[in-house]
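As structure tokens, here come the structures.
Two complexes come next, and they have one chain in common, subunit A, joined by subunit B in the first and subunit C in the second.
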Partner chain A sequence: MKIDAPREYVVDNLKYALNPSSIAVVGASRYDAKVGYKVIEGLSRCGYKGKIYPVNPRADKVHGLPAYKTLLDIPEPVDLVFVAVPAFLVKMVLEQAVAKKAKMAVIATSAFKEIGRGELQDSLTNYCRKHKLPLIGPNLVGMGSPYLNFNCGFIPYLPIPGPVAMISQSGANLLAALGTSKTQNFGMSFFIGLGNKADVDFAEFIVYGKNDPYTKCIATYIEGLDSPEAYIKACRETVPEKPVVALKVGGSKIGVKAAFAHTASENVGTDDAYYDDIFEKAGAIRVTTWQEFLDVALALGQQPPLKGDNVVMITNGGGSGLLACDHFERIGMPLRELKDISFMLSLKIRAYMPMFGSPLNPVDISGTASPVQYKGALHQAMRDSSVDGVLCSICPTAVTNVPAVVDIAIEMYETYKYLGKPFIMECQGGAECHEAIMKLRAHGIPAYPTAEQSVNAMVGLRKYGKILEKLG
Partner chain B sequence: MAEKTKSEPVYMLGTDEQQQWMQKYDFAPRGIGFAEPGICALDDPSLDAYNIVKSSYQIYPDVFNVDPVAKAVGIKKEEVIERMRRMYDERLVMYAATSNIQVSGFGLYYWLVKLREGTPDAAKQKLANWFQAKDDICTGFECRGDFDFYNGNHMRVLDNLLAEVIEPWKFNPEVEFVHLCPIRRNIRESHVNMFDAPKGEYLKLYWGKNQIESLAKMQNKMDLVDLRIIEALNTRRPAEEMFNFKKISDISGLDPEAIKEGIVDRIDVKKTLAPIFYLNWPKLGLTNHIFVIRLFQITPSCRKAQIADELSHVSEFNTVYEFTDSFYDIMVWAYNEISDIDALRKLLGKYEDIEYIKEADVYKQFRRWACRLDDKSGFWEETVMTDDFLQDWTEKRTCPTDCCSKEGK
Partner chain C sequence: MKIDAPREYVVDNLKYALNPSSIAVVGASRYDAKVGYKVIEGLSRCGYKGKIYPVNPRADKVHGLPAYKTLLDIPEPVDLVFVAVPAFLVKMVLEQAVAKKAKMAVIATSAFKEIGRGELQDSLTNYCRKHKLPLIGPNLVGMGSPYLNFNCGFIPYLPIPGPVAMISQSGANLLAALGTSKTQNFGMSFFIGLGNKADVDFAEFIVYGKNDPYTKCIATYIEGLDSPEAYIKACRETVPEKPVVALKVGGSKIGVKAAFAHTASENVGTDDAYYDDIFEKAGAIRVTTWQEFLDVALALGQQPPLKGDNVVMITNGGGSGLLACDHFERIGMPLRELKDISFMLSLKIRAYMPMFGSPLNPVDISGTASPVQYKGALHQAMRDSSVDGVLCSICPTAVTNVPAVVDIAIEMYETYKYLGKPFIMECQGGAECHEAIMKLRAHGIPAYPTAEQSVNAMVGLRKYGKILEKLG
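And now, the complex of A and B:
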């Protein structure tokens, strides 16, 4: 439901959504296959230290904890009320939450506006707004933070700690990102499923992310913006400090209907240009695919903005270099020849390649490149003052010592981090490359399995650099 | 037979095309829930009233229309509410409903289990524990007599029942027999007449003469006023008088008129839902006596139905079923403590159509109304779904206990 700007009382209370000292789970179930049980199990398993109050009028105990008939029967104050009861009971629960003076309500329940019960959803929102009880949802999967050991929802595991705050209308995609976090070393600061975003909107979580010390980049997965003005205001307030990435879906002819059926997102009358304009005004970096969303968010979370177009790519695979330079050009940021970036660098770098190597850019140090040659080439590229950013690629040949090159990349990154130049790796290959990616990401270097992904990431960093330039 | 017209449909579900079915056949079409026009999922808006009440009566007993209850019992409305709250908190009553599952394409399969003479108590207990924990079983009772367990499932595929629920223990050495009793007609459950009762008797309440008074005297958990309240709540009345729609609307925020319209259609018009206040009789110290009746197999089905109907007019029988495709044809229940079981036995003995009767006393209840009722293990009113829709259980699952005697199950 529309807001004009991020509301202060909501932003203030969002700490209770991610770091409450007490939680009431309404609809807590005794059966371990049911959502109301999973919520409590997830909280306990992930190490939540606050108080948990199961609410279930049929049960005496849930997950070994005393159960209460209603919120009002809980003897202590409650910060967060997590609601996992059918839609037709939510009004009753919210009234009790207000009477209980809870700080935050989260409604996991579906079957509101997305199935035509817009009037009911709006009336609940108005009620909560009147009583200044921020409401997240309905129709969401949950939220959490690995830094706070907080997993609240029907979420199987926490992501690994990291720089990206994930704000998603889709629970399924959020869960996919959580899975990616584990398998791809994609670290998150916090995550939240907004669902129908009846009350609390993107804008407020963006401002929360700006203030969150663990967050370095805010990733927003959007099915529809009810409050574009608020989104723009929140981003403009945030972007000078932290980048915002935006993936907008539901723009295709049938996607418009699917987005409404999913999260009641209204897209009729909007088009790509409409959202281009919003993101332009907001200073958000728009991406178009899920993979690009993750790749760019990770790069922005781990690396500084790219302040100029002079990117040098160092690779031991000519093919990988070709894929990259074509993609750079395709998406509007063509690579420049090395001699045009830095004539001296194009001479120096020859020392680290065989005679059949190429100092063009991509710099092909050849398939026989040793760790020493990688180190030398990276040294030179990083130190050259004309170079704004470095993209390094490993293609494992029989003579490539991938782990050693990875260690050198990490060493070079650590050595020259103070220069504020983005450094991205591409590791194109099998299991050894997957291990390399995991290790590099763990050391704060965005690493990707394909040339195109790494190029997208670098271009994302450049876009953020330009946004900052524009903002002055 | 009078001609069935579009304006006066005989079959209350479905489309005009289905009404035409009844012009052509004398039995109602039965199909798959969701796909069968007129059948709805359990969270359909037309069931909002029932669902809201089922989820909130524990807190707000006045979701029911208690005015006629107060009037019938002769006490104030507030006292009715207070007593209802207490009865629930003490796990003496539970609100439930039977959905007319057979029109949704389910089979309702009950089954008797007899253990061999001399089976150790521990072996019986082990099986009882398995039944208690098995969520595919919607109804479960432990008995003593001609059989040891009386359990039930509603399922769509008989093979699923056999493979997943019965085979895991069927070949245990202590098992003498398992006899399936698929329901042909669900006539009465827990004193309330169901969908297959004789015409005009749907939802009619039956208690034997002075049974309620006797029950009030034999225990101290529910007094006569409590029992009269439950009697009044279960007394047949139009659906629009059953509930407090304003309260239901206050709780849910939904339109009271739409809620009313939906539930009236389900209960009174389509007759696919029979709500009931279940008396937790084991907690009151009652046991049930079951008569499972085998008619001579030459008995015509019309006679069988006639006998079932006649027995359904015996007020002491709190449960009456007619079976099909089974060794048995009819089953009736009566409480041991407040019924004259010998008299009932004699009454049954007068039917020359009866070949024999198996009898047993029910002294322990596992599940009822697709709910676990074992408050001792902390699962009072925990709803379990027992639908095998779209599933093939013959391939699959692992037996959850070590009572399984077959490798690989």
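And now, the complex of A and C:
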């Protein structure tokens, strides 16, 4: 439900959503396929150190813990109330949570506004707002943080720790991101499913992300904004310090209906231009596809903004260079020729390629490129004062030593990191490239399996650079 | 160099490029980092059963095989001459190949037209055409086929066997595809690097692909077409039987120069619309990014064309459904509501979802969906006569049994395969989804990790359906 700006009492209490000392799980179940069991199992398995109080009127124990009949029977204070009971019981649980002076309510239960029960949902919101009990959800998957060993919801595993905070209305997409985190070294600081966002909204978690020391980039997956003004305010407050990425779905004709059916998100009367305008005002970086969402968020989490258009691409694959330069132009940031960026560099870089290489930009050091040639070319490009950012690509030919080139890339990155220029890698191929990507990401270098993904990432860094310029 | 149509003597001889009984490697090297060594090593390692004749005037043996001073010293006939000597020696080798009555010449050597030596390259072409010795290259990586255990070039490994023939001007991109083949279960029938295509052109390999029993889809990566008429003719001959996918690069301002520097491809005076027109005349399916190239080619290799617009999407993730329906509309094939496709189906499918599911289309059977619910929904959708194709998505929530759903999907696909409707899957997440994708692909079901990729694949199948309709 609409808010005008991020509310202070909500932002203050969000620490109880991600770092509570005690949790009551209302609707705790003895059956291991049930949400009310999975939550407790997930908390324990991932190393939650606080107290867990299962609430179940018909059980003595759940997952080995003593169960309570109601919230009010718990003898100690409770920070977070996690609710997984049928929709018609939720109101009663919230009343008990208020009586118990809980700090935060999270409602996993579905079947509210998204199936037409808008009034029921609104009554919960109004009740919670009146009593200043922030409510997250309903209809959500959960939340967590790998830094806090906190996994609260029906979530199979934590992501690896890293720079991206993900705020998502979709549970499934959030879970997909957590899976990708492990298999692709996509590091996250915290994650939260907002579901129907009856009360707590994007704006408040964005401000929380701004204050969170682990978060370097905030990624928002949006099915509909009830409170565009609050989103804009939260972003404008955050963006000078940390970039915000926005993926908005539900804009297509059928998507408008699907977004309502999914998270009760209202999209009637809005269109892509409407959201373009919001994101522009907010200074958020809009992306189009799920892959781009992950790729751009990682780059912004790991690298500084790109302060100018002079990107140099170094590759041992002419084809990868072509895919990249076409894509740079297609998405509005054409590469410039190396001789026009730095004539000296275009001469010097010749030393690191065979006769049939090309210093054009993409700089094609050719399929025969050795680690020494990569080192020389990277060294020259990174230190040149006319170069704003470097994109380096490895294609494993029969003579390419991929691990050695990866080590060189890391060495050169570390050497010139102080200059504050973005460095991105593309490793296009099979198993050895996947390993290369994993290692590079672990060293803070965003790396991708295709040319177009790495270009999207670099252009995302430029967009952030331009947003910061505009802010002065 | 330009040809007007695929030449019969060339097409006939291409079997010696991919299935020769004997190969001479001119420029065979004793040093294991050299191309002239890698070729022989690769042939042996991958199980080539024919004869290999290393040619090296200064060696007695290469890789354990007796070496010959020149081609003419080889006592037996030679089908394929693989040339990896410096550019200025190539003409002499070709003269010997003609004298030796070789069936096919492949020139790996670089530094011809792409660095300004157009005359030298043209003289080779003219010589070979005069003597009807087809020449592949120069400036290429090699070729092979997993069905024939044939790996000829500087290629680290063979792809897994499968339906896609890949004809690529870029060696690095081709190698990347081979790597992806193993890690993503992307099956290939044969592959060929064309390089500068001084003589043998796309057209001839397309016709070869049409005749090749393992090939179900022909994927062409193009940096420039010297012979658009021949490409169109070859495609028009092939497309009624097998689809052709086209990725054209080098269209950007800097790409025009980069494509020339890479494979001497001429793009001056052409633009995207020029190539749109060629591909439309050819009946080839144009794609934009490398990922789309792989994704669409695999779908066309594994599935029948989509004969109408009535696609039903079944998902347990509302978010994945939203990404998909927005993308369907974005790329010009909006989903229709299920009730408008088949009112009965929209009622029946309700039985396989909870109250908060949605039969809209995407059909959201919700995050709690069991394998039985997937089975029911798939069964209803696939057998409905109004449905032209089915897209099914799995998002691993804490209660999703991914392997069981995969088995159900395979069972339903096998059951209804006879109806000739495309079936595509999306498995969005981490390690278990990667395994799911590998298994589904091994069973002939194109599966992808994101909604947008699976939509691109489905739309590719529709494009082929429309091309076939147009051909009557």
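Things to note:
Basically, the second predicted complex is superposed on the first by the 472 of 472 C-alpha atoms of A that agree within 3 Å, B and C clash if a C-alpha of one lies under 4 Å from a C-alpha of the other, contacts with A are read in each partner's own complex, and residues count from 1 in each chain.
In the analysis below, a residue touches a chain if its C-beta (ideal position, glycine included) is under 8 Å from a C-beta of that chain, and two chains touch if they have at least 3 such contacts.
Just so it is clear, the structure is predicted and the values come from calculations on it, not from any experiment.
Model built by superposing both complexes on subunit A: subunit B and subunit C fit together without a clash.
Of the two partner chains, subunit B is the only one touched by A:Asp60; subunit C is not.
Look at A:Ser227: by the touch rule set out above, it reaches neither subunit B nor subunit C.
Residue contacts after overlaying the shared chain place A:Arg30 against subunit B, while subunit C stays out of touching range. Once the two complexes are overlaid on the shared chain, A:Leu124 sits against subunit B while remaining clear of subunit C.
Once the two complexes are overlaid on the shared chain, A:Lys69 sits against subunit B while remaining clear of subunit C.
Of the two partner chains placed around the shared chain by superposition, subunit C is the only one that A:Gly171 touches, whereas subunit B remains out of contact.
For the combined arrangement built by superposing the two complexes, subunit A sits at the apex of an angle of 90 degrees to subunit B and subunit C, based on C-alpha centres and given in steps of 10.
Legend: residue contacts after superposition of the two complexes on their common chain; A:Phe88 is shown touching subunit B, with no touch to subunit C.
Legend: residue contacts after superposition of the two complexes on their common chain; A:Leu360 is shown touching subunit C, with no touch to subunit B.
Once the two complexes are overlaid on the shared chain, A:Ala111 sits against subunit B and subunit C alike.
If you count the residues of subunit A touched by subunit B and by subunit C, you find the higher number for C.
Once you line the two complexes up on chain A, you'll see the smallest CA to CA distance from subunit B to subunit C is 5 Å. Once the two complexes are overlaid on chain A, the subunit A residues touched by subunit B in the first and by subunit C in the second are 111. Per the touch definition, subunit A reaches subunit B in the complex via residues 29-31, 57-61, 69-70, 85-92, 111, 120, 123-124. Those residues of subunit B that touch subunit A in the complex are listed here as 43, 48, 51-52, 55-56, 58-59, 250-254, 378-382, 384.
Taken together, the subunit C residues at the contact with subunit A in this complex read 33, 35, 38, 42, 110-111, 114-115, 139, 141, 153-157, 168-176, 178-183, 221, 223, 249-255, 257-259, 261-263, 288-291, 315-323, 325-330, 334-337, 354-356, 358, 360-362, 364, 366-367, 395-399, 428-434, 450-453.
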